[in-house]
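First chain A sits with chain B, and in the next complex the same chain sits with chain C.
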Partner chain A sequence: MDAIDSSLVDWSRAQFALTAMYHWIFVPLTLGLGVIMAIMETLYVRTGREFWKQTAKFWMKLFGINFAMGVATGIILEFEFGTNWSNYSWFVGDIFGAPLAIEGIVAFFMESTFIAIMYFGWNKVGKGAHLASTWLTIIGATLSAWWILVANAWMQYPVGMEFNPDTVRNEMVDFAAVALSPVAVVKFCHTVTSSWVLGAMFVVGVSCWYLLRGRHTDFAKASIRVACWFGLVAALLTAHTGHQSGRDIALHQPMKLAAAEGLYEGGTSQGLVLGGVLTPGVDWAAPTEQNRFLFQVEMPCALSFLATHELDGYVPGIRNLLEGGYPLLAGGVVLSAGEKMQRGRTAIAALATYRTSRDAAEKQVALKTLRANFDCFGYGYLKSPAELVPNVPLTFYSFRIMVMLGGYFIALFAGLLLLGKYIMRWKWALLLIVLTTPLAWLASQAGWVVAEVGRQPWAIQGLLPNVAAISRLDVGSVQTTFFIFLGLFTLLLVAEVSIMACAIATGPETDNTAA
Partner chain B sequence: MNDIFLLQHYWWFLVSLLGALLVFLMFVQGGQSLIWTLGRTEEHRRMLLLATGRKWELTFTTLVTFGGAFFASFPLFYSTSFGGAYWVWTLILLCFVLQAVSYEFQLRRSNLLGMNTYRVFLFLNGVLGPLLIGTAVGAFFTGAEFVVDKLAVTNPAMPVISRWANPLHGLEAALVPQNLLLGLSVFLLTRLLACLYFLGCMADAALRETCRCRLWMEGAFFLLFFLTWLGYWLTSTGMGYMLDGLVYPVQHKYLNNLLDMPGVAGVLLVGVVLVLAGLVQGLRGWRKAFWLAGPGSVLVVLALLLCAGWNHTAYYPSVVDEQSSLTIANSSSSLFTLRTMTVVSFFIPFVLAYIAWAWRALDKKPITPDEVE
Partner chain C sequence: MLFGRIVKFYMDGFRRMTLGRTLWCIILLKLFIMFAVLKAFFFPAYLQGNEQEKSQTVSEELTNRLISE
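Entry: the complex of A and B
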């Protein structure tokens, strides 16, 4: 194998995406449902009512069924950085490994130790110790999410490191910059609050099903009350952090923003596309006049405001990003993709000279050239500017699905809180809520599609494209493991859904006395 | 001695300690592999699975943390071994995936595959997990077929720095008898530890007696395989490296390491004595024998792994290109990262303290048949 097979990159990406998407079916429910059941156990400890204990225990049972699958898919994800992205693991392992190790030491042990007390400790430790264990389980899970999202945010916005030509890798020079990067903070807040929304939606959906069947009505109404308050606050926070996240994308990943908006030709006072249909088959990287939308509804100047906090702010489109030439706020003019690729090749050639030359003077010149061009290092691996354009339709539609569903959840939680006593009597409304519960997962997955598809072709934004990040494997091996994981995860997902449906059908052990 | 030298040794110690704790905690896997051997009635099988079911997440978390710590401190190993020995690591991961769901799913209604299927998954994890991990770790002493060329980064057509030179991508490790011997030793050690653990935590006298009797066979085979492997290990040739990084073969390298590091030799000796004492006391029916053999196994594995990486030893020798061999000097993270991670490592005693509290809280009372209802 003298050159990388492009299908190896595709299959490696497919396998990682498969694992990540399966993992993300279970993790947001763990994060969201975990807080809700901890609130319910807190109510039990504060009021002493058996009703709340049984309510908490029921949601814990569902939490446990879901938790196992999150753990199972998570271990694969961590090790895939080594198995399928080995070059990545060396090139940035000095920075990226630390959050994963800290996650294990600080967060994952907390989660896995106290979950055993939570499940097996009801009659072995006191009420207070049990409640503390429940909260520590969910705090551990949330801290775990923190470190994983720090790692992910660093891939989107690499900070706190320097390239070392002697070791041929990037090395961490500022841990605080990595761990407390503003992009990481926003990403964590947005992801965790959106997971809370999903957890709340799950509780509301299951509870509405009981109301529809006329079973466990007190339990259902009490659960809806807790979940709606929690869900509404979470959904509003998700919207707020989503806005901040949009601003981060505009600053650090303008191509992702352009793809999410279907914005080919940028400019000042850009409108935000509220809804629209893209013309199928358009080549978004081609500099030709094409009708890129079949139709669109725009909110004037809103995209400029989102991206720059000014109504007449400049937002670059795909063409502008490829051709460069527009002024930066910080001064200077943006280079074209072709110029960046040329500088990237210069940097790579300088590194080769630095590593092979025995002439000290030549090495110094090479080092100077490398440093002067290193900001474009990753572009040197690209063959054509078109590679810089991600899948526009997938990013565009995923973004809209996420935002529209976010709006639906806010309306639903608010509606249930304001008009709950009427809604809970309307069977069609209860049925609608039950049927739309899975949309919480759709919104969550769509959010990750925007984040990950929108940043292609980069494994690390601007620094390392996927093609230079992979492991040197034969395509057949990756194809085989892809289908093994697909089959296994699907089988286990079906088993989980079946077990969960049975547990829900059985219901909680609460009676119908008032909460 | 400079800071980086000390920190590389400190992190090799921590990674070795995590590896040693992982082997100890794999008594869970050992117990799973004995479900049908020790559990002759459904009630007994449920009691055995309840005992290991309270602990499986600790083993799992230790495996994840072991991987994370290795990645953070020695990223070139993570990059080279995981990306190269693809199949062996993937198989290990797959059998841990099966474990993660099986405890929760096996007794649930509508679990799609039936209780026995999940128990077969647990059995498979119990057999393959220790066997494959032991075999993979065997390559730390016998070597693996890989080449590392950092200059490859400057070749845009093929920028991957690590190349595996065997098309079996890691499965070839199982064809090396010494690796298999170590894999079997780890597997039998986990079963021995499981018998001792059950002896301590079961209230049922008949089940305890079954566990005690089983110790004879597990102990005898463990000693046979482990002592054979140890004999090979003490006489084998390892890879040393000079201060300038040059790697070269050294006869009886691991024996020399023990002689050069008497402290490590002492740890190994104390560990072996504790394992043997635990075995003997277990055979006599002493219910706390697990707390002799368990820490003993931690000390033995710790000493072996320290011999793999300390004293200028290449811990992951390449059998196709000596100079590609991985050492703690050429594969570690930067000084800054190791320092940062060292601060994080100060949390470890706190973590161990709350694990000990939780362990004690759950194991205070022996498991009774009523508890599995």
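Entry: the complex of A and C
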């Protein structure tokens, strides 16, 4: 057996996480701000008032800055697939390639065509055509997100494929199952609606800054009104899709749910931890005499309801998932981690036999063995069941940060809609809103941390752990590129924030006469 | 003539850009860094050869891999 340095796994993950998190600074703002500026242009077309045109144009300008800064940051992720994650890239085959290719084509043709009309066509095409271009630009960006999220959802819940041992690739046998997988649909809805919340927070934050400075007040109040309605609806939808997402995780990635809840010992009628502090230094993969929480506040039976839609439903904890033996709703008993690891090793050995044997009968037996055990293929790379436990504190706290901030955004949007005329006079409240605007990014990134850290050690759930997915590179070269990216991304971010801040300081060209 | 009008539309648009010029400069610089520097020097294609050779390499990797202590 050839050994892989565990620090190579860590550095490869760190580099990918850095690139993905940097990319995700821009994407949600594009998706959220895009819809808001389109709504404002729709108001212009419907009312014919110049005020809304200038309002839409201002937010379009900030959209353009963000779009330009974010463009191509995702390409580095694709470079990393080819270089750092070559086994993974080959193993996923066309399942990952097809959605990414569609995303590229849609992004290129739809966005690049209509974005040009949106920016260059104000006095050259009719109002209706311009409005259609604005909406098609943001629909194109959202459709691009769909295909990326389809690819990500497949990694969390691999469906619609068959493993071909001759090519060592998973081949798509059901495009609809991949493109419309329930996990992909929910992930898309949750991600897009949460991006709308981020866009709304950005508009509210910038507008509150104008109110604080006593500039463009009518513009700011009108923008806050639109953004708050949009943000409130989006935040409620995000909460609803988050609930759906929790149900998906309970069904397909129960270890992620157990980590997010700090649930070691499962059972029926499980409570949802609303808030709490984990005991530092606890080994989450082994029994302990220590209490795993320093303190916790629970909502009784809520976790059972979230996971099973029954108040007394059974939710497995980390120990149950490692030891197995509990009954499934669909019938049968869950295998222990040890049994899955054994089946995984059998599958890997069968693949090796199939690939090397020249005896047709032996190959046939190996193929049959591989197919029978393929669902546990990835478990064969694990040395101990403990490797199946993700970073519990990071997953637990990220989940709570995301949910608590979601609650804050709902309260903020509702508060501004109900009590806006008072709040907009309180300087401390305006300052608080401006200062808390970046929390929208924190919530969004925390959501991805739950999704991606919580599914460790898997690159593809159950089929390929990171240790088997990465390329055998020199650790030093991965470290070097990590720090190069860190420097490059920091520079680009400083450039973006500077240009954005300049554009905000200049302000809109409205005559400050509200509609 | 439609093609000509489209070209004129884009040329006028690019000519009238103000902030857009800075943004395009940043985009082009970024693309240059990504493709001419990062891709060329830091991201070689790890798998080499034809499809069969690549599948053989991955097969060997997947059937012989183990994490070190």
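Simple rule for what comes next: the second predicted complex is superposed on the first by the 510 of 515 C-alpha atoms of A that agree within 3 Å, B and C clash if a C-alpha of one lies under 4 Å from a C-alpha of the other, contacts with A are read in each partner's own complex, and residues count from 1 in each chain.
Everything that follows uses one rule, which is that a contact is a pair of C-beta atoms (placed from the backbone, for glycine too) under 8 Å apart; a residue touches a chain by one contact, two chains touch by 3 or more.
It should be emphasised that the depicted structure is a prediction, and the values quoted were computed from it without experimental measurement.
With both complexes brought onto chain A, simultaneous placement of chain B and chain C is prevented by a clash. Once the two complexes are laid over each other on the shared chain, residue contacts for A:D94 go to chain B alone; chain C is not touched.
Shared-chain residue A:F483: touches no atom of chain B or chain C.
In the superposed model, A:I105 lies in contact with chain B only, and not with chain C. In the superposition on chain A, A:S6 makes contact with chain C only, not with chain B. Once chain A of one complex is fitted onto chain A of the other, the partner contacts of A:R345 are limited to chain B, with no touch recorded for chain C. After overlaying the two complexes on the shared chain, residue contacts for A:W426 are found with neither chain B nor chain C.
In the superposition on chain A, A:I115 makes contact with chain B only, not with chain C. Mapped onto the common chain A, chain B and chain C collide along 80-88, the only clashing stretch among 80-88, 206-214, 224-232 or 242-250. On chain A, the surface touched by chain B in one complex and the surface touched by chain C in the other have residues 1-4, 64-65, 68-69, 71-72, 75-76, 79, 82-84, 86-87, 89-91, 116, 120-121, 124, 167-169, 348-349, 351-352, 355, 381, 467-468, 471-473, 477, 481, 484, 488, 492, 495, 499, 503 in common. Per the touch definition, chain B reaches chain A in the complex via residues 54-55, 57-58, 60-61, 63-65, 67-69, 71-73, 75-76, 78-84, 86-87, 89-90, 93-94, 96-97, 100-101, 103-105, 108-113, 150-151, 153-154, 156-164, 167, 169, 333-334, 336-337, 340-341, 344-345, 347-348, 351, 354-355, 358, 361-362, 364-365.
Taken together, the chain A residues at the contact with chain B in this complex read 1-4, 64-65, 67-69, 71-76, 78-79, 81-87, 89-91, 93-98, 100-106, 108-117, 120-121, 124-125, 129, 133, 164, 167-169, 171-173, 175, 345, 348-349, 351-352, 355-356, 380-381, 467-468, 470-474, 477, 481, 484, 488, 491-492, 494-496, 498-499, 501-503, 506.
The touching residues of chain A, counted against chain C in their complex, run 1-6, 9, 61, 64-65, 68-69, 71-72, 75-76, 79-80, 82-84, 86-87, 89-91, 116, 119-121, 124, 166-169, 348-349, 351-352, 355, 381, 383, 467-468, 471-473, 477, 480-481, 484, 488, 492, 495, 499, 503. Across the complex, chain C meets chain A through its residues 9-10, 12-14, 16, 19-20, 22-24, 26-27, 30-31, 33-34, 38-39, 42-47, 51, 54-55, 58-59, 61-68.
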